[in-house]
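Both complexes below contain chain A, partnered by chain B and then by chain C.
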Partner chain A sequence: MNDPASPARNRIHGAGGAFERALGLPFFNVAVAIVILYAVFTAITGETFNTVNNQITIMRAAAVFLILGVGQTFAMTTGGIDISTGSMIGVVGAIVGSGLELGWMDPIYAIPSAILVGAVLGAFNGFNITVLGVPPLLATLGTFVAYRGFTQYYMGVNLVTGLPDVVVAVGRATVLGLPISVIVALAIAALGWFVLNRTLYGRYITAIGSNPSAAEATRINVKAITASTYVIQGALAGVAALVLMGRLDSASAAMGEGVELHVIAAVVLGGTYLFGGRSTMIGTLLGVYLIGMLENGLIQTGAGFFVQRIILGLLIIAAVALQLQQRRSGPG
Partner chain B sequence: MVEVGSPLLEVENIEKRFGGVRALRGVSLSIAEGETVALVGDNGAGKSTLVKAVAGVQPADSGTIRLRGREVAIRSAKDAGALGVEVLYQDLALANTLDVAANVFLGDEPLRLKLGWFSVPDTRRMDAETAATLDRLRIDIPDPKRPVANLSGGQRQAVAIGRTIHRGRRELLILDEPTAALGVEEVRKVLALIKSLRDDGQTMIIVSHDLEHVFQVSDRIAVMRQGRVQAVVRTGEVTKTDIVRLIVGDIEDAVA
Partner chain C sequence: MRQLFRRLLVAAALTTAAATAAVAQDKPLRIGFVSHQHDITDLFGQLEIGFREALDAKGIKYELFQAAPTASNRHDEMLNILENMANLNLDYMVFGPSSLEQNTPGLVTVAGAGTKILMVDYEPKEGSSFPFEDAVLNWSVYNHGQMGEATGRWIAEHLKSQGKDSADVIMIWGPIASEISQDRGNGVLKGMEEVDGFTPNIIYDGYGDFQREKAYAEVERALIAYPSVEVIVGMNSVMALGSMSALEADGKLDDVLVTGMGGQPDELEMVARGKIGVAVSRDPRNMGENTANALIMHLEGREAEIPRVLYTALRTLDSVDSIRKWVPKAMLDIDAKLAE
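Then we have the complex of A and B:
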């Protein structure tokens, strides 16, 4: 508190030029990483990486991660985490997919029902976390397993196919060369940015993650707001499930497996604190792109799926370690 | 000395047990409107327990609390807040990663667009009103747009007090160790702030270990010992030595 260094730090920041201000941005690291990796992959692959088509391929693959990343950013801002996103996608795919295939519902209900089923799955997480007090990591680890188990039980080895045009369009159609899924993801990210930076909701989740008892002492309904971040994450898992189903024109018991790793890695790499209280939607956007680019570049340079997993796992650890380092050396 | 009015807060026979421990053994204390009462006592004397009972954080087991002569039930912090009783805790209930204005207005923002949780706060108005409040309290914060984590302990304490004041005069403001863990200059500023609140007629209870500070800002001193109010004395009529003797139990004085 009476840190003698703090006035000096104030001075540095207060009088800082554009470069110093850029250094202070939470997503500075990820922006630098993108520039470096981009140059490296372009050099190694001899220009196949650096093409418009390939960039669209990256974005198309990353759209699902961005949609989920917005919800993950909200949950993480409160100091929480949701690792059940991939399993929620599985359940939405199973219920909505089979409902469409068996003719239980009209295709016009595909989109709203996917969002609704996702929101209900997310609400269960929110209930367990805020009402029962189960720590977010364990609450969503539980549903990570249970939701996937449900999907496998329900689907078995079956595959839902022949989905209606509206769902396929969400995954495959393009507008002016840009996939609709990418446009939807960017629109959700823009909305997420607005909510995080310009509304009471953004302020309140930040306050909750920063100091729950401070938030509790005001009129903020800490439990309801915290729970709502998991409902939003669930609803967005519904949207992500539509994109995946549409892209593959099918749904299987394995749909969405492993996406949670990409999403968490992207959000943390983007500069959002895993411990809550500080978050950046632009960082999440950049983090998602970084992960997408990394996977794409690794495939092009011949590294296989398993190598990608190794790198992804280590990246999460590195990103968190870096945050801990910054947290010790600086305020906030 | 500040002119003192009719009783604002009266607690009578407050009892609080934690298992077999009688933390409060029939505490009675009366605080007049506009008065600043310091609550002193050794560790475990019951200061915090009494404050938590009045603040509703840990409601009392028995006894009565009257506010302006009317008996009130304080069963939760929300009850206390609704009655205008506010506690500023030692750990400074600030959201560290938000800026000064966001903290001052947290949960009570003026809105530019009303949409429930997704309302858009009027940040320009918040900044202007915050600057005015800080000015009025003579609190100097060079860059209020930065997260409060970057502020010094004294500035943070000032922001916490400023936040409370900004939301309108409280019936009763309880300051829990307001000068603990602060530097010399910061202590001076926080004490000046407390004095200006007192001059404005704010009724306050100040819990403190530091008798020097207690003597600077209080009208009366209530000494607690072993779960009871041992003595209540006028600050101007005693010496620090008297208070120390009351705290350690050398004098078995009656309530003055």
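Then we have the complex of A and C:
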């Protein structure tokens, strides 16, 4: 491809090659969508959308979804899915929240307890999927219902309020103007990216999603690794529960309801394959941001909340359709 | 893929050009309208109509930014909405919560942005104070507990008039931890117990989250488990309608008394048709008008004259005559409805 006689032509080819490489990135579509929508919302609203404060607001609202999205990316890369994340948040909120309110849990144990409770809930999902052989969608559908039922039974009509400062700080405090919840979410996303892309464990996860039989043949412990992704998801649900409790300074039986669809939509929009084998943590980050930007921007343009739901639904369909087309066309 | 990318770029350029051209140069009032649910036929939809009509009558120019969460119990979504509203440089925001406690962090953010708040449908408890209070111009409300009590009293007196001194009752509550639902439901219990010689027997508590479909599902299940039920109390209009539909589907509407609360037009039509026993009602358009008047008084520099809490009257509607008398025709022409 390189022509020693024509540096200019080589530069053009090089530039074209870089562009083609960009087109092949799994998160290219969502990145383009973000650029376009950002321009549109800025043009329409100008002074209110394109401000640092507003962007921080978007990221603060998106923090919970990003934390959950990292865990969902792990699960989906193995070819699975977890729709019990919202219900897991409810259980963590119920146990940790009531423990703090009633005084049998010291505030310093709030964070590790939330992570531990979440991990146990995730481990139960992992057990059902890998040991009992229940398909992930059905296994987590079962816990979606059961965990929520437990939360409603445990908490009833009670509302936990007046949480300790350490929990409220997780949801509301800022460092140099940036919310701690956003810093935590970005750190988790960075760690998730590193694990998936730079470790053997991450490569095993991708191999399992690409071809479980081949992965097993190469002596990868498919069941253990698959189960571990649900433990990770559960632990991150625990962190997300803390952030949510901190933001609301409360915990109730309805906490976390409905978040799972938002998270799955963000991960799929970001470019992670719904059917496993390909993941992009950067795409998950962008997908979460895109949805948050849509919700924020549509309110600011005066569009009704129903319009938001229609657009989000259509985006999900488009994202999955593009994924399927790319799979048919081959890698890259 | 390259072609698709080129097409996207062209589309974006055209959209941006059109949008830029459409941006208005006037500076009307910027008003947010946020409620825990939004249905054109129900409280907030009708309240918005009354609000807009009052502002339009005064010739006030405004832009209305509307939002509601996907469900009344999605307090995390509501918090996100309020934080977004705080970035909109709003002059005013009308706000109807299902739980004030869980929405306080969001309201503090809105107040911090300098927006004046007009609270609707949520009565502040006497002696209570809130960190965002200075931003609140007015509370346009009714007492949910009194609404419940009126319903409970009606149920007890109605059954006593039929010679019954007790009844098996199913309560269909709104979202768990919703103060509105708790106030109404506890009011119903109090109202029933206050009537001499009547003893309610609560056989089941279901949760419909203020949603018609959920109430339908709850009642459908409850009818199998509790066939002795005589009364079903829905804590809002749409849950009463859902309960009514479930009874109709099961062929038990003639055997079980359904009561609602709120006075949404569909609910009142069913009261007129005898399918729902009673709906204790408030006039949402009047509430909207009260809210608009508070805003107008603030614009005119008369903030000190704005009443802090303005109650709208509650009416017990259990017949065509009572509906005809108390419900504005603009909201519901009951005679025309019954003639359909």
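In the analysis below, the second predicted complex is superposed on the first by the 303 of 332 C-alpha atoms of A that agree within 3 Å, B and C clash if a C-alpha of one lies under 4 Å from a C-alpha of the other, contacts with A are read in each partner's own complex, and residues count from 1 in each chain.
Throughout what follows, contacts are C-beta pairs under 8 Å (C-beta built on N, C-alpha and C of every residue); 3 or more make two chains touch, one makes a residue touch a chain.
Just so it is clear, the structure is predicted and the values come from calculations on it, not from any experiment.
In the overlay built on the shared chain, the residue A:Val40 is in contact with chain C alone; chain B does not reach it. Of the two partners chain B and chain C, more chain A residues are in touch with C.
Residue contacts after overlaying the shared chain place A:Leu159 against chain C, while chain B stays out of touching range.
In the superposition on chain A, the residues of chain A contacted by chain B and by chain C do not overlap at all. Taken in their complex, chain B has these residues touching chain A: 77, 91, 93-98, 102-103, 106-109, 111, 115, 117-121, 142-143, 146-147, 149-150, 152-153, 156, 181-183, 186.
Residues 23, 32, 36, 39-40, 43-44, 46-48, 51, 53-54, 57, 60-61, 64, 152, 155-159, 161, 172, 244, 247-250, 252-259, 295-296, 299-300, 302, 304-305, 309 of chain A touch chain C in their complex. On the side of chain A, the complex with chain B involves touching residues 1-3, 6, 9-10, 13-14, 195, 198-201, 203-204, 206-207, 209-211, 213-215, 217-220, 225, 228, 277-278, 331-332. Interface residues of chain C, counted against chain A in their complex, comprise 1-2, 5, 8, 11-12, 15-16, 19-20, 22-23, 38, 63-68, 70-71, 73-77, 79-81, 83-89, 99, 101-102, 104-105, 175-177, 182, 207.
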